[in-house]
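Here come two complexes built around chain A, the first alongside chain B, the second alongside chain C.
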Partner chain A sequence: MRIVTALIILLALASLPFWVSAYILAVLTVAYYFGVFAMAWDLLFGFAGEVNFGPTFLIGLGAYSAGLLDNHGVPVWLCVIAGALAAVIGGFVLALPALRLRGPYFGLITLVAVLVLQQVIVIFAGVTGGEIGLTINDVLSVDSGHNYWLALAFLVISGLILYSFSRSAAGLILQACGQDAIEAQALGFNVAKHKLAAFAVSALFSGLAGAMLVFYLGTASVDTVVDISVGVQIIIAAVLGGRRTIVGAAIGAVFLIVAGEILRPLGQLNTFVVSAIALVVILFFPDGLVGYLLRRGERA
Partner chain B sequence: MRGLQILVDGFAISTLYALGAIGFSLIFGVSGVLNLAHGGIMVAAAVAAWYIAGPLGAGQYVGALAGVGCGIIAAFATYGLVVRPIQRSRAIPRDETEIFVLTATLLWGIMIQEAIAYFFTDSPITVRPLINGVVDIFGVRTPANEILTAAICWVSIGLLWLLVNRTRAGKTLLAASINPRGLTLLGFELSSVYLLVWAIYGVLAAIAGVLLAMFLGTSSNNIGVLTASAFSIVVLGGLGSVSGSLIAAYIIGYLETVTAYLISPTLRTIPSLLLLVLVVYLRPQGLFGRR
Partner chain C sequence: MTPPLLEVSGLTKRFGGLVAVKNLGFSIAAGEILGLIGPNGSGKSTAMKLIMGIERANIGSVRLAGREIVSWPTHRIARAGIGLVFQHSRPLHRQTVLENIKLALLPDSLFQLAAERSVDAKARAIGERVGLGAVLDRHPTTLPFADLRRMELAKAIARDPEVVLVDEPFAGLTLAEVESFSALIRSFREEGKAVLLVDHNVKGVAALVDRVLAMYLGERIAEGQADAVMRDETVRRVYLGGAIETHARAIAPEKSGVPLLKVTDLSVFYGKAQALERVALEVHEREFVSVVGLNGAGKTTLFNAISGLVPYAGAIEWRGGALAGKTPAAIARGGIAQCPETRELFGDMSVQENLDLGGQHQPPAERAARLIWLYDLFPILKSRSKQLARTLSGGEQQMLAIARALMMNPSLLILDEPTLGLAPVILEQLSKALERLRETTSITVLLGEQNVTFALPHADRVYVLEHARIIWQGPPDRFAAEAGAGYL
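Showing the complex of A and B:
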């Protein structure tokens, strides 16, 4: 039953380019990439229990690596792969302290990682374009419909992979490591190996999505892929949708981007309203939208 | 000559960092809350001081006092509207309270930032100094207000020390940070202890915010950076250790000033960030942490 509903929703989403405007498609395309960011974050936070305040460290690495390579004439698909690889390396760099530190300390390291990346980009402005941003010569496609389908397909495939990973035996062990590392270790599981795997997978998808996003936008800038406020949006999206659900993170991201767009007439106040809504959800429905629905479903 | 300049300027900025970070550290020590709306409270106080002293024309003294008042209100609002509901919520699992407080205060900080930008201004503001004039310290021309700033900070820190170590209320705070359960068993109401600590926190953060806005100027866009710097100072010094925060503030303050003067102002924050990564990596409990 659930699968049928999901398929119908998917078909409806896939048919959107035939009957909605390019503007709506553009908003949703960005929202889908954000969905992948949020799902990758949920894997680390919800399952591995790592408070990662710097999802944009991984995303920014992927985005800028891809963008810089493209400026040197490397084909687009190779740039995207290189971006993903750069993010995975970044993921290992983050994972090293994560294996030693707990909670707030690791959170701070990730926050600092983002700040350092941001500073490096600004300092080497000659290569990276600094605060203005890096112009990218190639695009994925000029047609908004194609871009939309690409983003949707990417979201669905990433979602399937991340979801099945989280429900697999490895995902369950990961969850155990996140909740009680010592007990998981006592049961004979290799905590370090599972956490490293979680970081690698999360970084892979963050990097891929970051690289594809810059080829869609045609520019990589600190404000769109590195700034802490972008990371905060991703975290809000995942918590809003529901932690430990993967799917919820994607829904939360789409909701957040679309809501931000609908509230745009409010001008500067729109961020205020979106944050206020997110705060209310956190206070009153801590399981997030999907978590709340799931629990109601169980009760009924 | 330049060395002296660094010494003087670094002292003032470090003292401000210390005052800003101590409140943050105190809240964590007593109630285990990492308040990521910290920068928001500092800037809210600064903007109130600027608005009442400048556009409303009430003068800088009334403005500064009103700013501190506003900071206390903002601190209570943070506690009452955000932190307390999460701590009391039954739907949030105990072991996840921490991450919910982090996320919620982060959101709250963004709301403060956007509200200030919308209702007042998002361009940089400078609060008028309390006193004018320049003092010559061994050839370094220093604004008198910079000296007053450092003095106010140290008096506030001294008063805090007296409060915590010499009064009954302060000793309750200390006890709450060591063993809250034991305190409740002795018949103390924990929630009134928390109210007191948030009030103290509000005063400290507000004074730091107003003085910082006099010294360097501030803007609603600075909120994130202010929170991050308080967070890093507190972690560097050791979470929950007030004297650790004090020393860490001086390390960071001087490191930044030296970098800005001798290398380049654009690199100002880089060495302190690297130091932080190094310390947290080699000694996660911070330089003077308890655990």
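Showing the complex of A and C:
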């Protein structure tokens, strides 16, 4: 039943390029990449139990690595792969020392990492384009429909992989590591190994999505892929949609981006209204939208 | 001769200035059960954590089948064949009971995407074996206490270690449950495992073990056959203490006038399950009332309803006025202090800070005097006053919870399973303290227990709660004859 509903929704989404405007497609395309960001974040927070305040560190690494390589004439597909790799390597370097720390320190380190990356980009403005951003000459496709389909397919495939991972035996172990590390160790699980793996997977998808996003946007800038506020938006999206559900994170991200776009005429008020809605949902449905629906389904 | 399966020698652990385990040594052969006893805070759980690598020994050696493992990380020790059943249950709350057991069956692999078919069947079989068959699909938070402990044993069975360390498996269990847990532990011996068993249920331990080692202040004070160790002079003095005596009251409290607490027609539902059914109960000023009931009978629910922590139908009156609709904080300020079974300490605050919080509504002079009295009652808390509550031993936490409730100088003190995890000698002290309270203050006590040897001597009146209903009430001397089956 659930699968049928999902398929119908998917078909409906896939048919959009045939009947909606290029503007709507553009909004959704960005929203889908955000969906992947949010899902990758949910894997860390919802399952590994680690609050990563710096999802944009990973995303930014992917985006800028891809963009810089593109400026040196590397083929697009190689740039995207390299971006993903850079994010994974960066993620490892960050996670290795950070995962030893207890409690909120891990979150703090990830936050600092974003600030450092931001500074590096600004300092090396000659190479990175600094505050103005890095112009990217190549594109994934010139057709808005193709771009849309690409983003949708990427979202669906990432979602399937992340969801299956979270539901697998390895996902159960990961949850155990996140909920009670000492117990998990006493049951014979190498907690550091499992958390690192989760971090790598999360970084892989963040980096991939970041790299693809800049090729779609035609530019990589601090404001769109690195700034703390972008990270906050991803976190809100994931919590709004429902922690520990993976799917919820994607839905939350799409909701947040689309709502922001619809309310754009409100100008300054826009962010305020969207944040207020997010706050209300989080206050009244702490399990998020999807979490709430799942609960209701269980009870019925 | 085969070497012992587990060989511990010279093990020492210091926490700051405190030596929790001091030059400890013992060995356990395959198919042998060694009992480890000792007063609260004597280092039993720490010794187990050292063997498991959860705490790092300062010096000493732990050998598993001849291999030195003392410096290995915990997960490697676990894989090598040692399993630990923690003193406090540590379920994964978001997973079902079945998933919790399954987890213990999984290999430590990143690429294990689908658990093998056999895992599910195995997990179910283990669940059945420990008596969890009916609740496999429930979440641990909805389980009664004993079932949580069963689940911990199930995980240990699933891991199938050669050496099993079991920390207080009997705490909080009824006679029948202790019997069934003993049978499971005995089956470990038959399978040729080496078992290290810690518990304060002296009878339960003595009936099960091949040898006993007694600890005090981190050190071994006696070792040998159970009955010999129990007869040992030092063991008697520091651990066993004397028997708990019945203290008949000189004058029975007045029972005229408005009762202090009056519960009528109290019903509580958790979802569809009824936890209390039309319960009626009265407590008069200065009375000591015990509510006796097996695990899951509804004692904690009753107390939580009185404290305003769960919604209920029916009436609860305090000094003649209805409590319904009042917040838990208002009820507490009204003079009802509950010492919950789950302790609810502030883990990241020190012992002293926890006590100060309990006494914050008292005048300073009063508070200081109480603190002195309580430190006198539980001397070990005084010596741990700067330590974080989270790091206290199980029994020390229990003492702190009781002490904090007493700090509030309540009119009505509700004690929910206060004996949980306390050494016999402390039970004796607590018993004397309750008696002193009764003689010297006007406090009223409502005590929930399934340990009747503790509940009866202090009671003026006893209620028996069974399957959500009060099925008997009367004076303690008639309990044995009329309602004692299953408890004595």
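Observations on the model:
Assume the second predicted complex is superposed on the first by the 299 of 300 C-alpha atoms of A that agree within 3 Å, B and C clash if a C-alpha of one lies under 4 Å from a C-alpha of the other, contacts with A are read in each partner's own complex, and residues count from 1 in each chain.
One rule holds for everything that comes next: a contact is a pair of C-beta atoms (placed from the backbone, for glycine too) under 8 Å apart; a residue touches a chain by one contact, two chains touch by 3 or more.
Because the structure is predicted, anything quoted here is derived from the model rather than measured.
With chain A as the common reference, chain B cannot sit beside chain C without a clash. More residues of chain A lie in touch with B than with the remaining chain of the pair chain B and chain C.
Of the two partner chains, neither chain B nor chain C is touched by A:Ile136.
Of the two partner chains placed by superposition, A:Val36 touches none, neither chain B nor chain C. Within the superposed three-chain model, A:Ala169 lies in touch with chain C and out of touch with chain B [touch as defined at top]. By the touch criterion defined above, A:Leu152 lies against neither chain B nor chain C after alignment on the C-alpha atoms of chain A. Legend: residue contacts after superposition of the two complexes on their common chain; A:Ala186 is shown touching chain C, with no touch to chain B. In the superposition on chain A, A:Val226 makes contact with neither chain B nor chain C. With both structures placed on the common chain, the touch criterion links A:Met212 to neither chain B nor chain C. In the superposed model, A:His194 makes contact with chain C only, not with chain B. Chain C is struck by only one stretch of chain B after the chain A overlay, and of the options 147-155, 165-173, 183-191 or 273-281 that stretch is 183-191. Across the two superposed structures, the residue set of chain A contacted by chain B and also by chain C is 179.
Those residues of chain A that touch chain C in the complex are listed here as 164-165, 168-170, 172-173, 175-176, 179-180, 182-191, 193-194, 197, 244. Residue ranges of chain B in contact with chain A, taken from their complex: 34, 82, 85-86, 89, 91-92, 95-96, 98-100, 102-104, 106-108, 110-111, 114-115, 117-118, 122, 224, 228, 231-232, 235, 239, 266-267, 269-270, 273-274, 276-277, 280-281, 284.
Every residue of chain C that touches chain A in the complex is listed here, in rising order: 52-54, 73-76, 78-79, 83-84, 86, 90, 92-95, 99, 102-104, 106, 108-115, 119, 155, 159.
Those residues of chain A that touch chain B in the complex are listed here as 45, 51, 97, 100-105, 107-109, 111-113, 115-116, 119, 122-123, 179, 228-229, 232, 235-236, 239, 267-269, 271-272, 275-276, 278-279, 282-287.
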